């Protein structure tokens, strides 16, 4: 497996943070699907750096489709999508080759790959690799929209500051579009408070964690499978591909552990001739299968490990204690730019279930 | 995929709650590994029904190894393990064929499988299928122990009542064994309070949720892989195979979203000639790779959906509202018996990483 | 992988020649498919021993479906099919534990599995494992028939004696049924000559090889995929699961290497409004995709390695030369009973392409 | 699957014959492996066009490694290898959009992909896609050589003209290197006769088929697996990825069907303290496992379907008969340039067995 995902429809992500290009191959997509590259670019721009409160590393992140499109449509052949790495400052990482950054993969990657890993910017473990993830997810989401399936996420919290939540029963496609462009919250007012929390962390040379909430609308009933093939298995598997994710929950999630069955069960009722549920504590999933309600989950992001404050580390080769202050440009809160990454990861997880067999 | 899991080492779980037998096939295990069937049975007994506070359905759940063992050791051929279904009361489920139980897979399974699903006791979606999951996991755990890897879990909470937590830095194999036999907590005293919460739910014809905490000790540094092949991806994928799991978190998990980077990063230091970490907020995983600290995660279980209290449902065929009271025998808290299931799911997730290629 | 096959629809075969039972799990079948167990048994009987010219080992080989059927139809849950091993003479194999039989897997299996392999009757490498393969294939073929897809094979040759061949352009379902029950040839007369060849080999304590020809009718145009996912890749992968297969060819196969393009190409023409081909040198496959013509392939079987004549071998433990005469009961020509096995292997290979996604 | 292959080590091939670039991603390679790009280029040159008797399409086919290398060695991250398409004459294919070429995938690809396939030069079905296959295989072969494993092939026959064969028992690495550069035969003299056959076909505006023989030396005993995971299953699966392959056989292959067991079995003997075989009719594989003898197989190639002679075809859209003469530049015998492709396909098939788990 490693950097590949999927069963019928396969995704293979490649590249390193400071390599020339990064990208992905998407194999098994249905043929004849138009791909709107401008819309894809607008989606990519949501995670692109250079915005307020995010790293100053400037990259256009304009994806380039090298193969798989013919006359603007998928042609059955695998898509290869490339994105340039620009404006990399590899020199920032020279010392880090020997001194692992706390909270990053540096040390276990050094051990796993016997010192041959590309350490620059975290190499293949860098959040930079979420760019091809978003490219793949953005392409899928265009195909889903034609099928009435919409995916949207927002920044649910940073530190103790919270945005509003999606209405688990009545969330609409419009609600998904109501997420802010500059700062991805449902409530602009709460967004201001949340930005203040991030600003303060930055001022202190520190960082802060956050939670992203995601909703998938329009899934037909019965998608998924038993035991290992449920929607929760698949979405969790894919969302943990986004760096810094340390937890995921569906519907009431961890709160369900505090509830009674009489509180947590979602009763059925006939809405005209349609079977519906009066509540959505399950987050739209029962026994791994979609139940017709909005699919809702939340992913918890740890604070950015790269901080300016001095930290304790070691020398991998000299085996002695070291002190480390990380220079370079880093997001004080990875969860902000992770919002479209979570949508993209969900899109990958749903591909085998939502797209036809071609 | 469906009910299969794994890449090099493959697990295929089969059976229905009220079928004659259930079981699993384990393919790709190393040859020459002794399997202690009595120890396996003792492990299985931890999830077996018939204990206080759990369903009265009586089953010995003694696994029977049909193939793959020769003279007491694995012989390279796939293991097929069978477990009898006994004491099933299918008649309890006649009405449920048309009236889906809130909180169960009944309705989406009916849609997915066009009404052909085996509805009795939830069929293939039943928690009963955790018996073969535990059989597979229990066999793996014997192989891990020989390699110095230990997996142990306890009931971390039910409702608002909490057990102690594993010490994330200093948890020992002995701590894993300190979990109670009759009620799986670290603290017997807190266990009494937690049992009281479950008793009360049962008295009210209701149920309650809970959280299971699991630790894996002895993993070498660098196990796992990037992006889609990290330990978190794999463990989350497998743990969501246990019915009623609605969330999973590693290390600080969702709490990390409230922390600062300076609080959440785990600094390095030289413990003699060994690289060590002074804290374990990461739960032993960085960038998807094991970092040498105890791997710690928690899984949130929703309350048992089967409750005696009357609930609203519908008739799938007559398309009209119905009222439903679930008879039959059910655990008031699935999390209790789920403790060994979580260990087993973690064991499956680790197989491709921990066992040699044969 | 090992003893598992398939992507969407998964097959996991387990058991050893002299174990208690052998069987397989089939995961991912569409729900609601009736399974005619009597018809399955009749199909299994075609490979069952006890017929003239085949081993005298007597087994009913009646498959027993342990799970996955509910009220006579697939219910979405995985099928587990079991077959008893009866009338095993393990004592026949005691000496073979140390002295590998030429032409069998004994020696490399001993090395691969460090001496822990089940040596009795070849263990997991035995042709006995084609019984569950046929059970799985027979179930699939019932589902294919409902979809207008028919698979049939015959014994094309033994030694130098040949049966007639399928007409590559005009072969009909009736032709597939014209294969003899007692001896699986198209021509009863040629079948007599072929049986004489087998009889002579048996009289000499020797064995003889043969070729099985298989046709698949009714495949829609465009089934398969590019590069690694073509029908030839899949069928070859699956057919080599039948022991003693040493070659496979499609359409003209090896003979195509002697032809000119002008001789081997299959021209198109309009048969009314239908695009058709005037010849079928390609065996119904172009670029890995079905082209609407009968899919035709041949599999070459080596002679049964187990012969009564004395052979040279070695002692694996004492490292000295040995002489070996194989007692026990063996087919003088494995290709005879392999005819339904080849059909079954083709059925497995086609499952991901021919059955719906459930 | 489609254009991906492999289990632990994954290959994903992308691109179309007339796209800008083609390439592949190789995921899961061990880290720290030096890749000699000049040696890789020399290997690629063996299949590159522009040589005598092959298409005049001129391409350097110099592979470019976009990711996965750091300081000249694999760094654990996936390799992405790109190759430019140059000198494409898409106009040659305008008419072919509606009139499928006999012997090509054009027609079934049109049906499979609903008319959206890239028809130019066969698109993703083009033999052009063997360039990235060879790039991947060439990289693997460098890693195999360090482990004492050598793969080599030669043109065994064209039409009725034959080269010498590898000595199945005594073939040496030197023999593999004895294959001609300009024309890939063991015997230069026979190579001249074989070239004459190709020349004649070309003069007649026709083409001719051929057979490639491949040997793998240095495999340890016991590589492979039972039933579906044998070396024959894997190699056959991969070799059919090379366009125009219509058959494959191992060792005696189809000839084994004419032999007696006493003729085909390979007896064992003690060569000093080493267990050896006195013959190699099995082609180095027993029960799917390597037995220590040279692994030898042959792949049959049909004649190039693209011929100048006029052929019968149809109009896909107007549904009427058409006549077709294929212009453009084509090999009169694809088997010549396929020699390194067969080596590369074998290399891919062996990756999961021969390379360590990293």
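In order of appearance the chains are A, B, C and D, and numbering begins at 1 in each one.
We adopt the following convention: a contact is a pair of C-beta atoms (placed from the backbone, for glycine too) under 8 Å apart; a residue touches a chain by one contact, two chains touch by 3 or more.
Predicted model, so just to flag it, every value in this text is computed and none were measured.
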Remotest chain, subunit C as reference, centres from CA atoms: A
Selected interface, B-C versus B-D, where C-beta contact pairs are more numerous: B-C
Euclidean distance of C-alpha centroids - subunit C vs subunit D, Å: 26
Mean-CA-position distance for subunit C and subunit B (Å): 39
Between subunit D and subunit B, distance of the C-alpha-averaged centres to the nearest whole Å: 46
Where subunit C touches two or more other chains, by residue: 1-4, 7, 13, 76-77, 109, 112-113, 124, 226
Residues on subunit D engaged by subunit B in the complex (per definition of touch): 7-8, 76-77, 226, 357
Of all residues in subunit D, those that touch subunit A in their complex: 1-4, 10, 12-16, 19-23, 25, 27-28, 31-32, 66-68, 70, 73-80, 82, 109, 112-118, 123-124, 358
Residues of subunit D that touch subunit C when the two form their complex: 1-5, 7, 11, 13, 100, 102-105, 107-109, 111-113, 122, 124-125, 129, 133, 157-160, 201, 204, 206-211, 221-230, 232-234, 236-238, 240-241, 243, 245-254, 256-270, 273, 275, 278, 281-283, 286-292, 300-307, 309, 311-314, 316, 319-321, 335
